[in-house]
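The structure follows.
Note that the chains take the letters A, B, C, D, E and F in the order they are written out, and that residue 1 is the start of every chain.
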Amino acid sequence: MSKEEKNLIAYHESGHALVGLALEDAEKVQKITIIPRGKAGGYVLMTPKKEKFVQTKAELRAKITSYMAGRASEEIYFGADQITTGAYSDIESATYIARRMVTEFGMSDLGPIQYEKPQENVFLGRDYSNPSRNYSGQLAHEIDKEVRKLIDASYKHAIKLINANKDIMDIIAESLLIKETLTAEEAEYIYANKKLPVQVQDMKDKFAKRQLEKKLKKDSKKEEINKDSKKIEAGKKS
Amino acid sequence: MSKEEKNLIAYHESGHALVGLALEDAEKVQKITIIPRGKAGGYVLMTPKKEKFVQTKAELRAKITSYMAGRASEEIYFGADQITTGAYSDIESATYIARRMVTEFGMSDLGPIQYEKPQENVFLGRDYSNPSRNYSGQLAHEIDKEVRKLIDASYKHAIKLINANKDIMDIIAESLLIKETLTAEEAEYIYANKKLPVQVQDMKDKFAKRQLEKKLKKDSKKEEINKDSKKIEAGKKS
Amino acid sequence: MSKEEKNLIAYHESGHALVGLALEDAEKVQKITIIPRGKAGGYVLMTPKKEKFVQTKAELRAKITSYMAGRASEEIYFGADQITTGAYSDIESATYIARRMVTEFGMSDLGPIQYEKPQENVFLGRDYSNPSRNYSGQLAHEIDKEVRKLIDASYKHAIKLINANKDIMDIIAESLLIKETLTAEEAEYIYANKKLPVQVQDMKDKFAKRQLEKKLKKDSKKEEINKDSKKIEAGKKS
Amino acid sequence: MSKEEKNLIAYHESGHALVGLALEDAEKVQKITIIPRGKAGGYVLMTPKKEKFVQTKAELRAKITSYMAGRASEEIYFGADQITTGAYSDIESATYIARRMVTEFGMSDLGPIQYEKPQENVFLGRDYSNPSRNYSGQLAHEIDKEVRKLIDASYKHAIKLINANKDIMDIIAESLLIKETLTAEEAEYIYANKKLPVQVQDMKDKFAKRQLEKKLKKDSKKEEINKDSKKIEAGKKS
Amino acid sequence: MSKEEKNLIAYHESGHALVGLALEDAEKVQKITIIPRGKAGGYVLMTPKKEKFVQTKAELRAKITSYMAGRASEEIYFGADQITTGAYSDIESATYIARRMVTEFGMSDLGPIQYEKPQENVFLGRDYSNPSRNYSGQLAHEIDKEVRKLIDASYKHAIKLINANKDIMDIIAESLLIKETLTAEEAEYIYANKKLPVQVQDMKDKFAKRQLEKKLKKDSKKEEINKDSKKIEAGKKS
Amino acid sequence: MSKEEKNLIAYHESGHALVGLALEDAEKVQKITIIPRGKAGGYVLMTPKKEKFVQTKAELRAKITSYMAGRASEEIYFGADQITTGAYSDIESATYIARRMVTEFGMSDLGPIQYEKPQENVFLGRDYSNPSRNYSGQLAHEIDKEVRKLIDASYKHAIKLINANKDIMDIIAESLLIKETLTAEEAEYIYANKKLPVQVQDMKDKFAKRQLEKKLKKDSKKEEINKDSKKIEAGKKS
């Protein structure tokens, strides 16, 4: 992975994590990493704050906001033209939740009516692509609009949260570039104290020290060489 | 299950039960429980008041109102943003009945015409998702509107019934939190007398007594400790 | 079956039968019964008046009117809110005929054109649900309107016929409640003479007599008891 | 078959035949019969006038007119309310030709473009119901209108032809009721000479003679009986 | 085949051939024949002028024009009401090319976008009838219009070419009626020299001579008979 | 392959290559060839500049522009009427990317929502043609417009790039006609130096030399012949 791509992925994952840290109704951040897994360049592991039988509308919206925050971070830090395909599965998950809120959970202006029925045990694969639909073309359009309303609102919410916490974003991203994987405690420490966790700061310091030592070593070598060449030149002149 | 979630589920189930108790045409409440079963946090068991060959339009509407009352109760007691996915299968069932009233039973302004034919003995699973439709896109839209009209009217009816019986709602919910499961007789007792059933009141009293005893015990211990510490302090001073 | 439901079914079946008796083009009523069979609470058996190769438009309309008359009777005698799911298969059959009149028999304002082709020998069940359609969405809407026009006209015709023959309706329904099953001759006798058939009248009289005898017996018993108690009271006093 | 139904079928078939006799571009009438076969109460056999590789637009229109003439005859002779399901397969065939003229032969205002492709060698029966369509919903509507225009024009043409040849229609129908099956020669003889073919006239005469003889026989018997009774009465008086 | 039909087919095939001869971008005419093969009354064999990897827009349009020219010729020489089903497969082929130009080759105002994906290796026959579509109903309508625009323009081009070359059309058609099959050389000879090819002219001359001899023979026979009959008459008179 | 077609293909492939050379975000040109392979007359091999987990919007747009540049080059150098079917698979690929950008990657004005879900492991071939769609007809139209917007913008970009680099285009095309296959280094050399690569220049020079030698040989032969004939003529005269 190039340095630029590593940086981009660090900010993408930091976006997801920030929402988990900043929003009361969001799930708990358990782990953030930029170590690639499969097709993904990194990921954030989040789990429900307590075991639950039901999920509230507020919790589902926070979940969507968290999914949107990766792309939102890309746009803020790298520009609209540099947004990536890395948000592919975030978009998939967010759309899935938003659709269910509208068509199954009755959580939109379309009211508590079931508009779609998932098919769990079907014989042929293609059935998966034909969920049982109970609506006309006109209603389909209204459903589309409600889904988009939910996603757009969450995307804007993510943009706002990131812009309001750029200092924290930078520290999470920097920590990821240094340590690659952060624990729940480290993430929470950054959010609470706005500075690098102790272990990360240590790694940074050691790295800086090593760099300095290398430089000094190189400089002294250069000096020796300089001296030598001066000697040679001196020798020549003499 | 957290205390908050238990409370939410208690009010959700109380909503279903209230409609069964208050509406002449509704089915009989046989059991109310907040003991989780499968994915459900609780449920209300209702059965027809007498064995019947046919069901009237009034009875089907009462059934939908009963299904809607769980979500209606969530909205009244916890706010529109805290409505939950717990109404998922209620919405499914209510929508199913409303659709059949419009498309098969001729019980809407669209008249006594069959618009959809259920397919009972089909070979492939996916057929289930393609009920035989006998109508144009325009009619599909009219059907959507009729279904929504039925659901909306029932939802409003549920809201009205719960608001008019908040005292009874509170007693049912409290009883559920104390005893977890209520019988038909207990539910009817609450509806008729607006007070806790004897057995539930007993449990509440015993619990209160135990709490009191514990407190007293603790207080006396504290006092002893206080005494002891005073002794110690006194000893120190001495 | 409750007494109320029996009464409702009796009037539902009387509605079907009346159309068969009153309309020249309708089929002949062979049997009326309120003995439940399968899911049905009762039924009317009707057969063509003579063996035929073709059916006229007038005959098909009479058939639809006959199917509609069960629901029409429910509405007239028990109110719009008490209409039942009992008309389910009537609606199915009437819709089927009306659709064929429009899409296959060329018997509507859409002209002598075939718009739908039934598929008789198909391999997979689901094909049944996809009749061969030869039309655009706009035409589909026109077909819907024609089908509804046919059904609505027949429903109004049924309402009119029942309202104009309430005396006969009452006698058929009463006969069904007394004797449960009526023959073609009995049905025609009622229609022609507006009074109970002899055998039914006999059953009614016998029943009334038995009721009277029971009452007299009870009354005389009461009297004896009264006498006895008077004696006792008298004895007490003495 | 009742006398009324036989009469209706005779006029229905006479309608088909008349178009074959009167229209230059129509096929040749080979046989007319009212002997039922399968579900049909009668039929007219028509064949191309000469063996051909191609069919002209004029010939296809004449074919549709011929199919429409059965229903047209029903409407003219028995009234719009007495039209029958007997035109079912005529409507099917006419619609099939009209659709192909529009969607495959380029013979309508929609131009020489192929809009539908028949599928000849398909594995499953249902495929038959899904001809390959190459058009949008809007074009589907235009195709519908063109098809209907073709059918309506042919229906009106059939009505006009029958009204202009009522004398011939009556003779063909009468011949069918007498002889049941007519040959090509007999049909053409009627069209050319406007009178019953010799053989048919013979059958009619013989039948009339037999009827007369029967009547005379009955009358003479009655007279004898009268005489006898007079004798008896006379005998009584004496 | 009747003489009229042979004549019609000769002009139909001459139309196809003329476009091949007159248009630079059209394919080369290899053979013209009115000997029936299968369902076709005749055909023109055309092949690419050189072996090619790609085809230009101009070449595809010339191909469509060539297909349209058969029907165009029918309309010009026999009238709009006498157009035949013989253009069936021409229409099929032309529509197929026009659709691909619009939906796959990006050769219309809809731009270089793929709107349809052919399915080559599918398991069930019917899949053939459901090409993968990537567009909305509105776009489907625009595609329809583009396809029609291409076909209509080519049909008009064909009409214009035939009207401008009626002399050549007549000579090709006459040659076909005399010799039934023409080679590439004969076709090109006619186009270049506007007269019958030598071999055809020979056949025409021989035929004319034979006809003349026959006539003379018949005339002389008639004369003899006349003489004989005169003798006889004379003999009678005598 | 004819000389004209070879020329056309050379410019088509040069178009693809130019975008790869000129656009920062495009993939690296590894090989350009006009040696036919399968149905293709030539091709350009391009690979990502570095191994990547994600692709940016800018990179995907550059990819589409690269696909469009073949057709764009045809239009610029040979005219709109001479565009060919050779762009068939370019159009297919470009449309596929553009659709995914809109419906899966959230890279259009329709927002970060998933509108289509690819189906990878389905049992029946036809499922391939029915990707899972989550939208109404109205949204389908908006998707169409976004896809077209992306393609049109890239096509215009390709036109602009080619027009601005006609000198380079001519050199690449000429090199291809001389050497048939160019390496990455040769392509980059041309782009940087605007002249033929050394090896290509050599081949050109050798070819020119051979042509010249042939010509000279022919000329000298002609001269000898001339001399001979002059001798002969002279001999004649003498």
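Just so it is clear, contacts are C-beta pairs under 8 Å (C-beta built on N, C-alpha and C of every residue); 3 or more make two chains touch, one makes a residue touch a chain.
If you want to know which protein each chain is, UniProt gives these names: A, B, C, D, E, F = Cell division protein FtsH.
All of these numbers come straight from a predicted model, not from anything done at the bench.
A.B. asks: Going chain by chain, each one touching the next, work out the least steps from chain B to chain E.
C.D. replies: The fewest steps needed to get from chain B to chain E is 3.
A.B. asks: Compute the centre of every chain as the mean of its C-alpha atoms, then state which one is farthest from the centre of chain F.
C.D. replies: Greatest centre separation from chain F goes to chain C.
A.B. asks: By mean C-alpha coordinates, which chain is most distant from chain B?
C.D. replies: Here the answer is chain E, farthest from chain B.
A.B. asks: Same or different, please, for the chain B to chain C contact, judged on whether over half of the interface numbers appear on both copies.
C.D. replies: Different-residue interface.
A.B. asks: Can you report the angle of the rotation that maps chain D onto chain F, using C-alpha atoms only, to the nearest 5 degrees?
C.D. replies: To bring chain D onto chain F, one rotates by 120 degrees.
A.B. asks: Rounded to the nearest whole Å, what is the centre-to-centre distance of chain B and chain F, using the mean of the C-alpha atoms as each centre?
C.D. replies: Taking the mean C-alpha position of each chain, the two centres sit 67 Å apart.
A.B. asks: Which whole number of Å gives the spacing of the CA centres of chain A and chain B?
C.D. replies: It comes to 39 Å between the two C-alpha centres.
A.B. asks: For chain C and chain F, what's the span in angstrom between their mean Cα positions?
C.D. replies: 77
A.B. asks: What parts of chain B, by residue number, touch at least two of the other chains?
C.D. replies: 124, 126, 130, 137-138
A.B. asks: Are the chains arranged, by touching, as a line, ring, star, complete graph, or other?
C.D. replies: Shape of the chain contacts: a ring, since each chain touches exactly two and the loop closes.
A.B. asks: Spell out the part of chain B that touches chain A in their complex, as residue ranges.
C.D. replies: Result: residues 1-2, 5, 8-9, 36, 39-41, 68, 71, 80-88, 90-92, 94-96, 98-99, 124-126, 128-130, 137-138, 140-141, 143-144, 147-148, 151-152, 155 of chain B touch chain A.
A.B. asks: Which of the residues in chain B end up touching chain C in this complex?
C.D. replies: 50-58, 60, 104-107, 110-115, 117, 119, 121-124, 126-127, 130-139
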